[in-house]
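First chain A sits with chain B, and in the next complex the same chain sits with chain C.
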Partner chain A sequence: MSELLAVGRYEFRMQVRKRSLWLAMLLLAAVIALTQGDRGPRYTEAGAPAREVMAGWALLFGIVVPIGFGMVLADRLVRDRRLGTTALLESLPVGPRVLLAGKYLGGLASSALPGLLAMLVAGGYETVHRGDPLMLAWAVLAFGLIMLPGLAFVAGFALVSPLVISAPLFRVLFVGYWFWGNMLPPEFLPSLSGTLLSPIGDYPVSWLIGETALYAGVPGWLSFLRPAPSGVSVLVSVVLLVLVGLLPLVVAGTVFSRQRRTA
Partner chain B sequence: MDIQTTGLSRRFGKVTALHSVDLSVPGGMYGLLGANGAGKTTLMRILAGVLPPGGGEVRVGGHDLTTGAGRTAVQRRLGYLPQDLGLYPDLTPREFLDYVGLLKGLDDTRARRQQVDELLELVALSEVAGRRMKGFSGGMRRRVGIAQALLGDPALIVVDEPTAGLDPEERVRFRSLLAGLAGHRTVLLSTHIVEDVAQTCQHAAVMAGGRVVYTGTVPDLVRMGEGATWEVVTTTGAPPPVGVVVSAISRTDGTHYRVISSTAPGAHAVPAAPSLEDGYVALMQRAPAQ
Partner chain C sequence: MPTHRLPLWRYESRRAGWAARAAPPAALLVTLVMALLTASGGAGHDQVGQLLLTGLEAILPLAVGMAAVTIVARDGCRELQLSLPARYAGTLGRRLGVLALVGAACAVAFTAGVWLSGWWAGPNILASPLVWAPPMLWLTGLTVLLGMLGRSVVLATSVVSALWLGEQLFAGSFVALDWTRPFFLFTTSRVGVGEGWLTNRLALVGSGLLFVAVVVLLLRRPHLLLTEEEE
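Coming up: the complex of A and B.
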């Protein structure tokens, strides 16, 4: 356990010191916040509950922040090879699964920080603008319920995929996936958008605002993954996103362990 | 912590990196010499538990390295400095050592921090302990590498080409440091730089083409050059027609060649007392072609 915490702690520390992490994600968040149209959360009607306002902000940031998140996480495993630290790490009495899990937790925590900061800034702005002190609390809650499960989902794939395809290719494919899997109307093309596996947080936002945010529950491909938004479907979506995000790590951990025994 | 290998082999695809290696390392400072590609790094990586053996037996301190449990048991008492060790540029030496210490199982925070500070002092990095390692010189990086290898007071230290790329001053400092560590430990020093072994080791093995072609004391390895080491002075500048030239120094009376040859490499060749380098080259001359 202490080894897992050590890897997580130092992975967090190294990642959080990367200037590109903050620049990429806060820049994306600022651009989307400033260019939001009149359907954006800033223009939610006066007197709207804090829950609804901050869910809107989380959805807005969710359009672009995870893209930066995926970009910066894409080199976390391959960089050990690039830096030449792999041989040392493999000579230590720590299994590859612990290393992977620690890197996942540390990378997720550090890379999620700019997203949380963006939500806190938006929450602060709304607190002052609307005079509702609940805005800040809902900023944190909306981050945890809407953004974090999607980020956990992205983190697993962003860490492991560049081991199979190159990091630059992953980044290109990831941007394509993000728009296909989250924002493409389900009736237009078969897509994961509007399903429980949509990491943008369509289900929790739809549940919190009481109406379909993007396409949650809209009929389309994989209809069994498109229940009506409710507390239960939100819970299922969150659990599914986290578990599916862990799948690449489980596969990679198994492969690494086998490689250590037989490579 | 003794090392015993019997019939150890290892292949990478069609390339055989180790051919039935038998080696016994009792303790103290032990040199492993060989040209690039001789199989030293593969052997080091197997002993560090990074690579599983392909065949044969490997025991370190009684632990069987062909099993996962054996590898983990050895890794708990191991300090390993890989060839071309990379460092995390975003961390300071103090943080890096703390990180490695935690992964080595040094859970007592106060004791670990104290050990980290002592090791930083030992490798003369205390003044930059809080500076990020981005931009560290090759020598500084090597010193961080040896400091991390010493964390946890390991019984076995495996260092792979530790002085490659260092300037002469750094190399001497590094050799002294390594020699000072061998008191109650086993230090296995792999290098292609003969001088490193000459200055630090009493015992050595020589590898060529994935095989061990010599094991014994360093003085006995030196004696391999007896009767085969010559000095020849030529005024034409052309090297002697037979033998392997170990060195060539141009002086006012001509070019002084040091030559390894089983027969006199010229009418005016004079026998010379061999150095370790001469013994090593003479041995490699006699070793069967791979």
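Coming up: the complex of A and C.
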């Protein structure tokens, strides 16, 4: 456990100092916050509950912030190999699974920080604008319930997939996937939009605001993954996102362990 | 092209990397799979045609843009290149040229296949290069420019991806405004080939060439590229 925390802390401290992490994600968050249309969370009616306002902000940031998140994490393991630090890390008395898990946790924590900061800034703005101190608390809750599970899902694939298909190819496919799997109307073509596996947080947002945010539960492909939004379906969605996001790590960890044994 | 320069192009093609060469066909392959899925789901002829057109106008240019910035950033022996008498702009130009050639060849083959199979939903086939070439030039020029200015692949790819996504999501807003309409990347697939289509294509080509010109100017000081952050 202490080894896992040590690797995670190392990865976190390394990643959090990365200039492009902050620049890319805060730029994207600022642009979408400033250009939101009159249906954006800034224009939610006066007197709307804090959970509704901050769920709207989390959904708004969830459109673009994970793009920067995926781009940042896409080169983490590839870069270790390119710079030759993989061999150095393998010489440590830590198994490949622990190393990978630590990198996942550290990378997730550091790359999620700009998202949390964006939510806190939005929460601060809404606290002043609406005079409701609950906005800040809901900013943190909405981040944890809506954005974080989706980021955990993306992190698993963004770390491991580039090892197989290369970072540039992953980045292209990731952007296409993000549009297809989150924002494309399910009636247009078979898509994961509106399912429990939609990492944009459609289910938690729909549950918090009391109406369909995007396409959660709308009939479409894989109907068993499209229950009506409720507390239970939100919980299932969060658990599914985290578990499916761990799958690439489990596969990669097994492959790395075998490689080390046969080396 | 003189035959003695062929090995140089072959070498630059290898330096560009397999991922760059694979990105354009992979993008069109994904489009094809999506179209097959859509067709098997009972979608109409027009809907499938639109999807195939979107692959050509939206997905292929994004793939080429992403691959281009990687080519610029990933040179592991740039210091060595800069010590040679050959201009670095020419070297990079050849590598990006290989990518453009692969992209164009894939686009022409894809267009021919779609047209011959009767799914073509775009303009006259002779004008078909205007579906993919302007957005490809524009997105690639912008991505490389941002990559050079920010010296970060992450920053360039994030901004361009968000712009691409924004234009897809808020297409109506982009088309509604007079000053954004000429620069809307997906006019063929989202609006159609009507009034203003040619103006839009020419505006994209013009601004794309402007991006390329600034990149060439920046490459006159190639040492600025030496501090890039990641692949």
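By definition in this document, the second predicted complex is superposed on the first by the 262 of 263 C-alpha atoms of A that agree within 3 Å, B and C clash if a C-alpha of one lies under 4 Å from a C-alpha of the other, contacts with A are read in each partner's own complex, and residues count from 1 in each chain.
Note that in this section a contact is a pair of C-beta atoms (placed from the backbone, for glycine too) under 8 Å apart; a residue touches a chain by one contact, two chains touch by 3 or more.
Model, not experiment: these values are computed from the prediction.
The superposition on chain A brings chain B alongside chain C with room for both. Between chain B and chain C, C touches the greater number of residues of chain A.
Of the two partner chains placed around the shared chain by superposition, chain B and chain C are both touched by A:K18.
Of the two partner chains placed by the overlay, only chain C lies in contact with A:P190; chain B stays clear of it.
Once the two complexes are laid over each other on the shared chain, residue contacts for A:R171 go to chain C alone; chain B is not touched. With both structures placed on the common chain, the touch criterion links A:S2 to chain B but leaves chain C unconnected. The superposed model places chain B and chain C at 80 degrees from each other around the C-alpha centre of chain A, with the value given to the nearest 10. When the two structures are aligned on the shared chain, A:I67 is found in touch with chain C, with no touch to chain B.
Of the two partner chains placed by superposition, A:L246 touches none, neither chain B nor chain C.
Contact with chain C, but none with chain B, is seen for A:L28 once the two complexes are overlaid on the shared chain. Superposed on chain A, the gap between chain B and chain C at their nearest CA atoms measures out to 10 angstrom in whole units. Within chain A, the residues touched by chain B in the first complex and by chain C in the second are 18, 82. Every residue of chain C that touches chain A in the complex is listed here, in rising order: 17-20, 22-23, 26-27, 30, 34, 37-38, 41, 43, 47, 51, 59, 62-63, 66-67, 70, 76, 150, 152-155, 157-159, 161-162, 164-166, 168-170, 173, 229-231.
Contact residues of chain B toward chain A in the complex are 45, 48-52, 68, 72, 75-76, 78, 80, 82-91, 95, 99-100, 102-105, 107, 148.
Here chain A touches chain B in the complex through residues 2-3, 6-7, 10, 13-14, 17-18, 82-85, 87-94, 260-263, going by the rule given at the top. Residue ranges of chain A in contact with chain C, taken from their complex: 18-21, 23-25, 27-28, 31-32, 35, 37, 63-64, 67-68, 71-72, 75, 78-79, 82, 165-169, 171-173, 175-176, 178-180, 183, 188-190, 221.
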